[in-house]
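Below is one structure; the comments refer to it alone.
A, B and C are the chain letters, set down in written order, and residue numbers restart from 1 in every chain.
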Amino acid sequence: MSGSRFEALQSIDRRWIFLALAVAVIAALVVQPVFRDSPGELVVPIFAAIEALAPGTPVLISLDYSPSSAPELEPMAAALTRHCLIRGLPVTYLSLWPTGNHMAGRIVERVIGPEYPDAVEGREWVTLGFQAGGELLIHALLDSLGSRFAADVRGIPLIEIPALAQVTGLNDYGIVVSLSAGTPGLKEWVLYGGDVGAFPLAGGCTGVGAPQFFPYYPRQLLGLMAALKGAAEYEAALNDDYADRVPRVMQATRGMGPQTVAHLVIVAFILLGNAGLFIGERRKRGRR
Amino acid sequence: MKRPTPQILLTGVALILVVAAFMAPPGDGSSGGFAGAVTYADRHFSSWFGILAVFAFLLGGASLLRTHGRRVRERKADWHYSAVTLVSFLAVLIVGFLKLGGPPGLTGDPTDASSWLTTIFDSVLSPLHATLYSLLAFYVASASYRAFRARSLETSVLLGAALIVLLGRIPVGVTLFRFDSLSLWLLKVPNTAGQRALMIGVALGVVALAVRMVLGLERGRGGDGS
Amino acid sequence: MSPVHGWNVALMTLVLVTLVAIGIRRARHGHTAAVRTLPGIATIERAVATSVAAGRPVFFVPGSRDLDNMQTVAAVALLEPVAAMVAERDGRLVVPTNRSMVMEAARTACRKGYADAGCADAWHDDQVLYISDDPLGFVAQVDGMIVREKPGACFFFGFFASESLLLAEGGRQVGAIQVAGTASPVQLPFFVAACDDTLMGEELFAASASLSGDAALLGSLRGQDLGKMVAVSLLVVGGIAATVATVTGWGFVHDMAGVLDVLLETR
């Protein structure tokens, strides 16, 4: 290979990178390779905290994401929902994002409906839905859910909902989990909820957002599901303990196949660029 | 120093909110006096912002209609994009306002599963969002290829960290290289140190900007810079 | 009134506010502070000059959040001197916004900037556009505008989420000189990879003060630095105290570390 060809490795047209990535991911989607994961250090505390709750203890899941980030965060919501329903913990869904009602609807439609047909809305789960206000909403909910939510999304007053029988404010939840794709989201839950209230707080976030949450672990965040891998680890924990009550391969575990291939393609291009740099530099020095 | 009305409002509201953040007594603020004002601010100012934003949206909507309407009317370059924007904007607005397909009336939920708005959300907005967001994967790939070059000691360290994290977050990297613990260490220790330093700096910057605004020194937000 | 909640946070806030106020007061009394030139600010000036000379527009995106976000406020404050810079060189400034209130604030800032440059008549409010509240819808249109209008300079200041790389790669594609500034830690790597210069974290909040050259504003930066010294001192003393207490088991050092822990803890 000539020197100029090596130098060309340093400036591959980005469209070739796009094409390689697309082909690799599509191939992985077609072949569907399954890579088993195991629960990691950040995910185990969340799983253990939910395991430790007495049946009937309410759990709050804040769906702070939109359809664009759902592929990463929805598997977390699904896994948490499965765990809570298996353990008999009533789930409350709310959202700081306007798209939250639809996100909760998708969990009901795709997980609760098909997998837990005996679960009853209002008893096993309740959707409060979206309310504007972000951090100010969290602040208001600390004392009372009723201060900002008069009823659930069906219009049923909170006082008539069995799933909320033990709940006045956020402190009555056994654990609060925010699944967050941005602002308002997990950071606001830490600063205005967990830091001020007296409830355990855990979180899930996109891969891009993960680095900013590590400073909060483990003092302000009980645990963190970071990106699709975090969800896959939670699914692995469910598979370990409840293999007969959850699907064998769940959404995140399936998604790790294409993700693995995508990471490998990126690593390959980074190495190619550096190979071009090293060889180019060496040849330049040789010519001198 | 010039003290226009907006600046006085800004300063007054900011001071009340700062006090409220630390000292708001329980209740709804109906007790009156300074304590009542502080509690009221703590409980209700968030709603005020929402109300203001709704009215401001009228300005945004009007601006959008005016800008794109003129492009279409004058057949400016690429006017057809403006036509698509106008038609989409008005169609969704009408469907939402009239609550087509869903429960009617003032209390009808426009996001009900049967409403046309929900159909538009699920069939148009969701796929568009997913498509645009997925572009990130391609851009991240090309930006990583461009940025991670071992040109110096610092960039070599950056490159090494990137490769470890990229491989440590996939099962193949864990099985072949056992990078999972190292990847987690990089995220928990050096990353956290950097993030904390940045957060402290940002917090100080926000405090300084807030003080400049409250004192009316910052340009563009009611202050005259004098 | 009930006791102060989070008294330690209140105390730290009071200390920092006091330090900034002292910085401003000292500057007003003639104690000027030497402030290093931020590389990003120098690039802004170069980018505007190059873009206008090439007859290409200048794009300024003031983040993707509303005016209740301090980063948006900082971006709008920075817009005013940038608008003046473009006006002085008889260039064209385009400001896409994704919140109506930001649009109004940006128009006010641009009008003021153009007036400061003596070019009030050259300003048209339509140069500040409202696009969409939806961040990805916003990105789609702004990227489209960038591809069609081929700006010579793109400035991205304020809070960004996933929009950061989508916007910056769009500008890079048309060869624009790009400067970004954000306090959003997770978006900084994307801007660093795709832009010519980046204002990181606190630099975004200092930029408008630095560009204005106003003594009082620069004095606030001095106060900010004093605050940073306090934070660093507490970190160093706390780190040493905790380490010594663990290694030696000395009671008084343990107590000192405990006091610092109470002072700085958030829950």
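Definition applied: contacts are C-beta pairs under 8 Å (C-beta built on N, C-alpha and C of every residue); 3 or more make two chains touch, one makes a residue touch a chain.
The structure presented is a predicted model; accordingly, all values stated were derived computationally and were not measured.
S.K.: Quick one: which pair of chains has the most contacts?
M.R.: B-C
S.K.: Return the chain label for which the distance between chain Cα mean and whole-protein Cα mean is smallest.
M.R.: B
S.K.: With chain centres defined as mean CA positions, report which chain is farthest from chain A.
M.R.: The most distant chain relative to chain A turns out to be C.
S.K.: Take the average of all CA coordinates in chain A, do the same for chain B, and state the distance between these two points in whole angstrom.
M.R.: Once rounded, the distance between the two centres reads 19 Å.
S.K.: Rounded to a whole Å, what is the gap between the Cα centroids of chain B and chain C?
M.R.: Once rounded, the distance between the two centres reads 15 Å.
S.K.: Could you state the distance in Å from the CA-based centre of chain A to that of chain C?
M.R.: Taking the mean C-alpha position of each chain, the two centres sit 29 Å apart.
S.K.: Among the residues of chain C, which ones contact at least 2 other chains?
M.R.: Expected reply: 5-6, 136, 162, 185.
S.K.: Find every residue in chain B that makes contact with two or more other chains and list them.
M.R.: As it turns out, chain B has residues touching two or more other chains at 26, 129, 132-133, 136, 140, 142, 144, 146, 195, 199.
S.K.: Taking each residue of chain A in turn, which ones touch at least two of the other chains?
M.R.: Touching at least two other chains: 68-69, 208, 210-212.
S.K.: List the residues on chain B that touch chain A in their complex, please.
M.R.: For this pair, the touching residues of chain B are 26, 42-43, 45-47, 50, 109, 111, 113, 118, 121-122, 125-126, 129-130, 132-133, 136-138, 140-142, 144-146, 148-151, 159, 162-163, 166-167, 169-173, 180, 184, 187-188, 191-192, 195-196, 199.
S.K.: Mind listing the chain C positions that touch chain A in their complex?
M.R.: Counting only chain C, the residues touching chain A are 5-6, 65, 69, 136, 159, 161-162, 185-186, 266-267.
S.K.: Quick one: which bits of chain A touch chain B in the complex? Just the residue numbers, please.
M.R.: 10, 12, 14, 17-18, 21-22, 25, 35-37, 40-42, 66-71, 99, 101-102, 105, 132-133, 136-137, 139-140, 143, 153, 207-208, 210-212, 214-215, 217, 226-227, 229, 256, 259-260, 262-267, 269-270, 272-274, 277-278
S.K.: Show which residues of chain C lie in contact with chain B when the two form their complex.
M.R.: Touching chain B: residues 1-2, 4-7, 9-10, 13, 16-17, 20-21, 24, 66, 68, 70, 73-74, 76-77, 79-81, 99-101, 103-105, 108-109, 112, 126, 129-131, 133, 136-137, 139-141, 144, 148, 162, 165-166, 169, 183, 185, 188, 190, 192-194, 200-206, 208-209, 212, 214, 216-217, 220-221, 223-224, 227-228, 231 of chain C.
S.K.: Okay, in this complex, where on chain B does chain C touch?
M.R.: 18, 22-26, 35, 38, 49, 52-53, 56-61, 63-64, 66-67, 77-78, 81, 85, 128-129, 132-133, 135-136, 139-140, 142-144, 146-147, 194-195, 198-202, 204-213, 215, 217-221, 225
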